[in-house]
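The following blocks contain the structures, represented as structure tokens.
Here chain A shows up in two complexes: once beside chain B, once beside chain C.
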Partner chain A sequence: MGNMIEAEKIGYVYQSKYQKTKALTEVSCSFEQGRVYAITGKSGSGKSTFLSLLAGLDVPTEGNLYIDGKEIREIDRDAYRMNQASVIYQAFHLFPLLTVLENVMFPMELQHVAKKERKERAQAYLSKVGLPDALYGKMPNMISGGEQQRVAIARAMASGGQILLADEPTGNLDSQNEAVIVELLCKMAHEENYAVIVVTHNDKVAEAADVVYGMSDGRLEVVRG
Partner chain B sequence: MRNSLKQMMRTPVRTILFLGLMIFAALLMTLGACIWLKGTRTMAQYEDRFMTVGTVRQIPDSFEQELVWNAETKDYEVKKNAQYSHYYTPEDLLFDGAAYIAGPEQRAFYISYQPEYVTMSKSMGDGIGWATLFAEFSPVEDCMPDESVKIEITKVIGGDPRLEGVVDYFCDHHNPTPEMLYKDKTYVAMMGHQASYIHGRAYEEKMQSKDEVYIGLEMVPFSLESDLLLPDGSRPEDVFRSGQKIFEVTDGFYETEAGRRILNLAQTALLWRDCQPVTGTNQTSLLMPFYNGMAYICEGRDISEEEYEKGSKVCLAPKAFMENNGLSLGDSVKVRLRYTDRKMNAGRKFWLEGSINFYTGLVDTDGNPLEVFETSEYTVVGIYDVAFSDAESKFAPGADELVVPMESIEARDGVNLINCGPMTDTTASFRIPNGSIDEFLRGWAACGTDKLEFTFYDMGYSRLKEGIDNMKVVSLVLLAAGVILTVLLLFFFSHLFITKQAQRTAVERSLGMRKAACRWSMLSGFALLVLLGSVLGAVSGFRISAKVSAANAGETYYETAYTAGATNLDHEIAVEEAADSAMPAVCCTLFIVAAGVTIGWGKMNRSLRREPMQLLAERAEQ
Partner chain C sequence: MFSYIKSDLKRRRAANLVTTGISFMLVLLLNLYFGSIRSYQTQLTELAENVPIFCQVTNLNGTLGNGLFISERVVEALEQSSQVKDLSYMTVMMAGEGDFQEAEYSKHLNLYVAGANNAEAVGELTNDMIHMESQDADSFFASDKMECIVNEKELAKRGWKVGDQITLKCYYYDPASEFHKVDIHPMGGVAEVTVVGTMEETTGKTNAIRTDVVIPGKTARNLFAQFGLSFFADMVTFHVRNPLQLNSFKEEMRDIGLMETSAEAGDSYTGRALTVRDGDFIASATHLRRSIELLQSFLPAVCILVLLIGYVVSYLAGNSRREEFALMRLQGVKKFQAAFLFLAEQMLLVLIGNVVGDLAAAPIVETLSGLFVVNGVLLAAYLIGAAAAYGRMSRGSVVYLLSAQH
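What follows is the complex of A and B.
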């Protein structure tokens, strides 16, 4: 199985009007399908930045990032995000004014999937993440954090990509929901052949991962491989 | 767009508030624009129908006191005569910044000798009094004519022949030192009934009489002086000025200078019933009777601008004259100009009802009758009628008065000038653009003299304009309020609907939505609301404006047009507002939508300029 994503000495600098902040320094690593990767580190260590670069939300300011062998600057990043990589966030980032079902249908709408089909598929994904039918018509703010995160995972699955990037997915959840989400992510990697990359500072999540990277001051190192 | 709308509909209070306020703002804007445009178009529509005419009056430099003897009171009466160092001319009114449309002009009127036509006074028969009597008479008894004395009219030389043999009262009223009249002598004089009643012993006798109670006017002798003036208006020397008025008829008297003058004056006195006034002007509207609607063209047309400029031989003739002479439109009228009056308007000499305040000295200083100086034929292009309700007005037209282009009179500068005076409001006028009165007066004050007094007539234009200007101010306030409110609303709600939705944009972008799609997704709902609000508001504004117009319809400002016919005799008609135009509503809608899209686009671009990673990171921190 080849590497889906390969980072080659990438770096990233946040540049505001008044200052530059180096968030990543010469990060090199690779990710492949069917495995769960955990990136741990303290707050501000650069792990979320790294995840966003992997998601194609921005491009590295130094080094190269290859997706399926192609440099990320050379590919259509919008298409990459739409079809290959999905992100779930600690704050869920669901559309507050769309129902649970509509949130999951949204990525398929971007892919111009027929309404009937996207509804069926959305329901299937929601079922797969274990969300009861009764919640499909609810607004995100009417369901619990764990449920919202499951909706976010279902929405990520709905895009049809094989890369799932999760930014502190259990950060806002209690321990019971945390276990459910971790199990769900592992299941997606091991059974659905996703490359699951989780940024976390939660030990339990890291323990469940196949590979663990540690991030410190913007530098990445293998903790367990 | 569906998702965008769906999300908007799920915040109904915000969305409805936005829609409602947009409707209100668009309504204000459209209402203001509609009213403004309507006011502007109404003024433009009526600009041609309103005319602003100014009249000029020269103020006397001083007044000279003349003492006139009054035989009744046996004392002098003071008569004030206005004195002018010189007469201003229309050329004196030409100054920088004076934008005359017509004029300025000082009109003379000409007295045309028309024996073959039936004039107004002639048509009324002999019942109309004769102005002057040239007659031989003898006193009933020897007397001093310093009071009313009886005389017997023995021979009428000129004037009403029915007076021959009549005994009447006579007084050398204005002569402090009259001469004795003897009953065995015959005298001759030009005389007439003036405004002095019988007085003295005759009056007392009448009062004592049981039968007779009528106190009539006495006959008063007139001076035989010539009325002829020099072209500059000054009076030439004349031996009969302030001279003898009563002459004893002796053998060979009519061979003397006095005798010949009396005969010649008597001859001219017979002419006046065959006379017709002719007024030359450069534009019909400069004649006040036409301007103010007292006279109006009831058949045919006005003299054209070209005809005025070229001096074409065309005229406007009064309806009564045309009917009395069996003339119709297109016929010619032969005009024989005999005298020129540069002091008055025709209406002050040829009264509308037919009587004439005529001249007494239509001879030159040698005593020879003044002859016709210009003859031509004028084609009648328009027939006018007169509203007699205003016949007493100083602006009233003269009986039988013909109106001709001033340029058509070759000797218009005053041949046989028998009356001359300064510019007055009845003889001098000009036309300026509507609404320029203040500007004119400012310009005149800067370079003119205070010896000329102007009176302006604008048919109510100032009042209409003031009303419309006020309306336009209100409309501009509404328009400005609408624009400001629209912009503020667009900024505020675009902040709510777009800027505050940055997270949504970031999530959409993280899900792979392209920037253009994101922009469309966010803007479409916003723009649709703006469009809906602006259309509803514009339609409402347009309708309210139309209702306001309907309510104002028929409101009378003031209007009169001398070509508009008899229905305008009350000088007032309704000024209809310009038709409602949907253009402001369309423009306001387009403006609001364009502003909405522009502001929304700008805000959206600010959100899109930043990478979703940054946006979401900020959100996470918040």
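What follows is the complex of A and C.
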């Protein structure tokens, strides 16, 4: 099984008008399909910055980041997010004016999947994350946090990519929903062959991961794996 | 992607209504504003027809409007002037029937003959008071034939009939006469004229002088020329063709030799001054011009206000959608596509407001060009505001936009 993502001594510097802040220093690691990775660390340690680089929302200021062997600066990063990598957040970030079903259909609409097919597939994804049919027509603000995060995961599945990046996915959830989401993420990695990379403070999430990285002051080290 | 706009238009009703409503109000306001200016401008243009400026050639002190000696040169210059319309002139002669001895003039000289270029020039005579079988009054006055129309009473008294040819020995008033002492001289021969119609009695109805026989103005001028005499008009009136160019009109009148009246001038029968009754016109025109200037002085403020409102509304509406914009980007939608999608949606709402506003303002909208200006200004304002908002979002980091929402 080859490495989907490979970071090679990457660094990142936030540069404002008045100062430069080094967020990542010589981070080297690799991620492959079928495994769950947890990146732990204190707030401000650089975890989320690293995740945004993995999502192609920005590019490293130093080093190289390879996606399927191609340097991230040389690929269409919008197309990468549309077709290969999905991100879920602690705040769920669903489209507020689309229904649950429409939210899941949206990535497929971008990929020009026929309406009938995207509806069927969206229903299948929602069913896979265990969301009852009755909620498909609801607006995101009408369902619980755990349900919203499941919709976000279903939407990530709908994009068809094999990389799922999660930034504190259980941060807003109670312990029961937290367990459901962790189980879902593990299933995606182990049964659906996703590379699941989770940035978390949560020990239970880290415990469930196959590989755990720790991040401190912008430097990454292997904790377990 | 467009299904996203559809859902959004359907579900964001209140915000969309506000955007459309503001655009509707602004279009209505702008149409009202430009409509008022146009209405005043139209009134000013139509003022020339509604409040015509009447002019009359007078003597220098302005006390006499008829019974004057107005040279043929002045009459011809006025006829040829592009600034003059509805020119009326009349000359007055005396005549006796038949070719009598000059020594017996006091016994025979009892007909007042007027040569006029239209009916209105002859006192209060109007076309419907003239009765002719073979032609209408206008063609009679425009001709230079040796024809005449005769007062009905005079016709009956003298036993004339329409179609008769009558012989008139004409006398003219001497332009060299002293004031209050007008000399009269024979023109030097007789004129054979055919009676082609009759006219109703005018004397008694108004203050107009008695007129027994009327001949066309050109015929009268030919008669003077035939006897080697200079033609003089008794009175000349007309209207200013374009009252909005009053200054250029007055300049031309001065070139023709018609001066402004002067109360200090002595009495005379020479018609060489011009009375222009432009008081009402000037008062109305000044009022309208001031109103237009006042409204136009607000134009920069109105434009700035509209641009500002359009910009702010658009900017705020755009800014309120930062999360959606960031989510689109997160899903892999390109910056330009996402910005264009929101911009298109917003412009659609503004356009709907504009169209409804235009329809509401239709009764006051006179020209399509005005409508284009109003809608153009508004759309530009909204476009700039929205472009600024989405441009700013496009430059921002997706992570920042999402974390800011969080």
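The rule is simple: the second predicted complex is superposed on the first by the 225 of 225 C-alpha atoms of A that agree within 3 Å, B and C clash if a C-alpha of one lies under 4 Å from a C-alpha of the other, contacts with A are read in each partner's own complex, and residues count from 1 in each chain.
Quick note on the criterion: contacts are C-beta pairs under 8 Å (C-beta built on N, C-alpha and C of every residue); 3 or more make two chains touch, one makes a residue touch a chain.
Being a predicted model, the structure only gives us computed values, none of them experimental.
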Should the pairing of chain B and chain C on chain A count as a clash or a fit in the superposition?
clash
Look at A:A79 in the shared chain and tell me whether it touches chain B only, chain C only, both, or neither; answer first, second, both or neither.
both
Kindly classify A:S159 by the partners it touches after superposition: chain B alone (first), chain C alone (second), both, or neither?
both
Now for A:A124: first (chain B), second (chain C), both, or neither, which partner does it touch?
neither
Using the superposition on chain A described above, determine whether A:S48 touches chain B (first), chain C (second), both, or neither.
both
With the two structures laid over each other on chain A, which partner does A:V222 touch: chain B (first), chain C (second), both, or neither?
neither
After the overlay on chain A, which stretch of chain B ends up in the same space as chain C: 151-159, 385-393 or 439-447?
385-393
Taking the two structures together, which residues of chain A meet both chain B and chain C?
48, 52, 55, 57-58, 78-83, 87, 89-91, 93-95, 97-98, 102, 106-107, 109-110, 139, 159
Quick one: which bits of chain A touch chain C in the complex? Just the residue numbers, please.
48, 52, 55, 57-58, 78-83, 87, 89-91, 93-98, 102, 106-107, 109-110, 139, 159
If you look only at chain A, which of its residues touch chain B in the complex?
14, 48-49, 52-53, 55, 57-58, 78-83, 86-87, 89-91, 93-95, 97-98, 102, 106-107, 109-110, 139, 155, 159
Within the complex, which stretch of chain C touches chain A?
1, 3-4, 7-8, 11-12, 323-324, 326-327, 329-334, 397-399, 402, 405-406
Provide the residue numbers of chain B that touch chain A in the complex, in ascending order.
3, 6-7, 10-11, 503-504, 506-507, 509-514, 517, 611-614, 616-617, 619-620
